[in-house]
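Pasting in a structure now, in structure tokens, and then I'll have a few things to ask.
Letters are used for the chains, namely A, B, C and D, taken in the order the chains are written, and counting of residues starts over at 1 for each.
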Amino acid sequence: MNFSIYDFTSFNQWIDQFLRSVMSPFWAIAVEMVIIGLAILLFYALVGLFLVYAERKVCAFMQNRVGPNRVGPYGFFQTIADFIKLMLKELITIKNADQLLFNLAPFIIIIASFMAIAAIPFAKGLHAIDFDIGILYVIAVSSLGVVGILLAGWSSNSKYSLIGAMRSGAQIISYELSVGLSLLTIIILAGTMQFSAIVEGQANGWFIFKGHIPAFIAFVVFLISSTAETNRGPFDLAEAESELTAGFHTEYSGIKFAFFFLAEYMNMFIVASIAATVFLGGWMAFHVSGWNGFNHIMDFIPPFVWYIGKTFFVIWIMMWFKWTFPRLRIDQLLTLEWKYLLPINLVNILIMAFVVLMGWHF
Amino acid sequence: MNSIFTYFTEIFHAVKSLLTGMKVTGRYFFSPWEIVTQQYPENRKTLKMYDRFKGEVVMPHNGNNEHRCTGCGICETACPNGSIEVIQNKIEMPDGKKKRIIDKHIYHLSMCTFCGLCIKSCPSDALAWGQEFEHAVFDRAKLTKILNKPGSSILKDIAE
Amino acid sequence: MKEVINLPVKNIEEEEYHINMGPQHPSTHGVLRLVVSLQGEIVKSLKPHCGYIHRGIEKMCEKDTYPQIIHLTDRMDYLSAHINNHAVCLLVEKALEVDVPERVKYIRTIVDELNRIASHQLWWCSFGMDMGGLTCFFYGLRDREKILDIFEESFGSRLLHSYYTPGGLMMDIHPNFQKGVKDFIKYFRKKIKDYDDLLTGNIIMQLRTKGVGIISKEDAISYGVTGPSGRASGFACDVRKHHPYGVYDKADFKEILGTAGDTFERYMMRMYEMRESMKILEQLIDNIPAGDYAAKMKAVIKLPAGEYFQRVEAARGELGVYVVSDGNKTPYRMKFRSPNFSNLSALDHISRGVKIADLVAIGGSLDYVIPDIDR
Amino acid sequence: MTANQLMFAVFAAIIIIFSILTVTSRRILRAATFLLFVLVATGGMYFLLRFNFLAAIQLTLYAGGIVVLIIFSILLTSHIAEKLEAPSWKKIIPALLASGFGAVITIATILQYNFPAEVVATSERTDIRVIAKSLISTEKFGYALPFEVISILLLAAMVGAIILAKKRKD
């Protein structure tokens, strides 16, 4: 297979060598970090803005509406207008709130999602850090976000926020198990936790096909539990607007609210890209063994496009969930996790281990 | 064994019911021609209200700037909210008789509940429903309207 | 160590705290304030505080003549405006012993049923939204729009029509009315399947509503819970069946009674009722007799001195109108028995011990319209 | 100064400052939040040492798990207006003495240790297979016994939690 035209590795090395040739290694690293940071920041903002727009359009089409169509063609600049509005809005100071934690909470959430996005492979070589424990790192970092939610709920000094934070705490702690276990199923199949190695391992078939039934079950479980972990409908109990007005971010306004809002979408993007990377082959093209002509055409589509396409497909499924189902109640949410997802997951891991041992996977 | 069986049938039925729901939203997602939204300010030109639409109370005038209102004030009494004020004027007719005619027919749109009693009770059919519905203004005073146009007079055959 | 850290130790499980749901809250569908005592997420008791949009309609009626009262009744339960009008009209006609033409009775019955379907559609939207399924809201509104279009074409307005007058109607139906209703029935029979697929059959919705907020038959009777909510508990309270008015005695429809009395049963009652209403419409729409659209009434309507009472089946339950007349053209005293107010009174009883999410679902299933509670 | 040294200094500063803030803060949730920063910075320190696996575990268990549980229990038990009383000198002096004693021992030990001059190249990857094997191996440097002992501890904690939860109901 020939990926060389879309390989970013040599490009990265070229930048590295260029920087090292003009300045000291310390400054070269510093400049590289700044470049990576800026690139991620820019990507983050663009994806965030686009996702908000996409959600509004997707939900509009599912609801027989046209959605935003006033600002720009097809309302494409609607989120930018919204963003400007949120920037200009007053930041309300809450009486008797713990100001330090109240102001800190949105940053914790957004930093957690920043840290997670750094480890995600966008294409070959287009990868900020390629940890050998990539999946574990992403799970670890994304679990920090819940601290922000808990702090936001508690420090707002509002009962609605507090109830929302409580719900979210119980929810995220229990659903992290399912996320971890369903990813573990694939780690058994892949034999590594490194994202780049996982993607390379899917060059001759995505893991969802390679691991057939157990991998598919793991994918479904991952979809459900990651939807729950990102606090999205039907698991949006933490911000259930018909019950708790806005849950943990009831008291936030302006840019601080925008942070929560953006972080929710970015978390969705992160879990979708994990799903795309681990189950759907990341930036690998879709190949059918034997159809050489077809495979060749597929190779011409750049890997970045493949990656984005798969990620947005997963995101679309998650939006589809949200705009179809009613919300669960907190006890049903925990029942779903402990009575259904967790046992299924454990058995699934056993089956997958067995399948790998016997060599039954493709 | 039985409980395990129910466990799995439960899961099966749950997933089935969820997929049925997703089928509905998914179908609408892929059939954008079923969208029902009206593009309001764009379709303003083609927008046609139903002829019975109760937009506001108007007093139709014919080409000669003549209306049918005698100024009797029945609409004023019929109105439950006092949104109509009829101000009459006594004029001296050429033959020396004094006659009451309407000076101002004041209509407070801001107080009107569009019940239609004024139009129904008018003995000379002087009032009618107008189709105008864009009533939003920045000044409340603009919602107080004088229905008889300046310089208008009563239609001859009504006056007799 | 003698000293222990002296943190205020509270028994969390026994501590109650209160939250105000409303007057501004997404689940109360208006300005209703529920003071909810919570223990964790469990509702211990709640106190509805109403009156935020009390407009004194009953008092205002005392200065209005009977034809003028009609437009005030529109604004009580604005979702079943025609049915409210019907109650007052029937009362005046009963007091004056006027016989309205058969055509008026048919039209009134048809319009009432259309209004009932529209009201239940809006209930379905808001119930779905209370449960967290936001898409329901748009599907319900989309279909309700068809009815509102029929209303607008015939009566000139979409929500507050003031279409009935004592003795008849303001104007005759539009020539397109019958065709519009028939088209709507054909359309809605298809679309109501979406409702079932999207919400009724959904496992999440069923788990959340079954066995939640049970009203027993005895409680329903003693709290005066009527309408679909009362019938869900097995309380046969359909005024259309037991004290027929209009031409309900000529239409063939069932009074469906539930047994469980829980939120899901109340949901199902309304879903059944929409189908029953369509059945009534189908029977009547082609048989509207020719004739006058209003009986001859005196210019000034004066009710003979005395007390009068009339009840109708509004979309949410039994609406009663009580008038004391001293022979003048305005009533001496006017009293409405609004179904929502009685239904709300049962809320505290049925929501004790449920979770806060269930409270929202119960509230949605009782389908309260705040202007009708406050009047 | 190399980039590594700079990062070390940053992490060390974060750890020291937030450790002090953790013990001196009089609002209990703030203390827990500062503790979170300390733990995250420790995780960063592990990353600096290329102990990726340990760093991720540090983040998952301590930052993501234990601190969240602490915060969760604070949410359940305390109110926002509560403030801890300032400790009296009777408490502060023994605490200072104890911490000073600990610091002296630690610093003395570190100074006595003869650090090799050259930094060991840690280009090796953290191989999960190796970790997994040593975790359940019964040979030398195998962790099978501690692993099982910890699971007994967890079991005991679980039983205790259930008993505590049941007691409330009566």
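One rule holds for everything that comes next: a residue touches a chain if its C-beta (ideal position, glycine included) is under 8 Å from a C-beta of that chain, and two chains touch if they have at least 3 such contacts.
Since this is a predicted model, take the numbers as computed values, not measurements.
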Identity of the most central chain, Cα criterion: A
Top chain pair, ranked by how many C-beta pairs fall in contact: A-D
Averaged-CA centre spacing for the pair chain C and chain B, given as whole angstrom: 25
Averaged-CA centre spacing for the pair chain C and chain A, given as whole angstrom: 44
Between chain A and chain D, centroid-to-centroid distance (C-alpha), Å: 27
Centroid distance [mean C-alpha coordinates] between chain D and chain C, Å: 60
Where chain A touches two or more other chains, by residue: 62-65, 166, 323-325
Sequence positions of chain B contacting 2 or more other chains: 18, 21, 24-25, 36
Multi-partner residues of chain C (each touching 2 or more other chains): 135, 142, 198-199, 202, 204
For the chain C and chain A complex, residues of the former touching the latter: 17, 19, 25-27, 41, 128-139, 142, 198-199, 202, 204-205, 207-208, 355-358, 360
In the complex with chain A, residue positions of chain B that touch it: 11, 18, 21-22, 24-26, 28-29, 32, 34-37, 39
Complex interface listing, chain A residues touching chain B: 58, 61-66, 69, 320-321, 323-325, 340
Chain C-facing residues of chain B, complex: 13-14, 17-18, 20-21, 23-25, 36, 50, 52-54, 78, 80, 113-117, 120, 129
Of all residues in chain D, those that touch chain A in their complex: 1-3, 6, 27, 29-30, 33, 36, 40, 43, 52-53, 55-57, 59-60, 63-65, 67-69, 71-72, 74-76, 80-81, 125-129
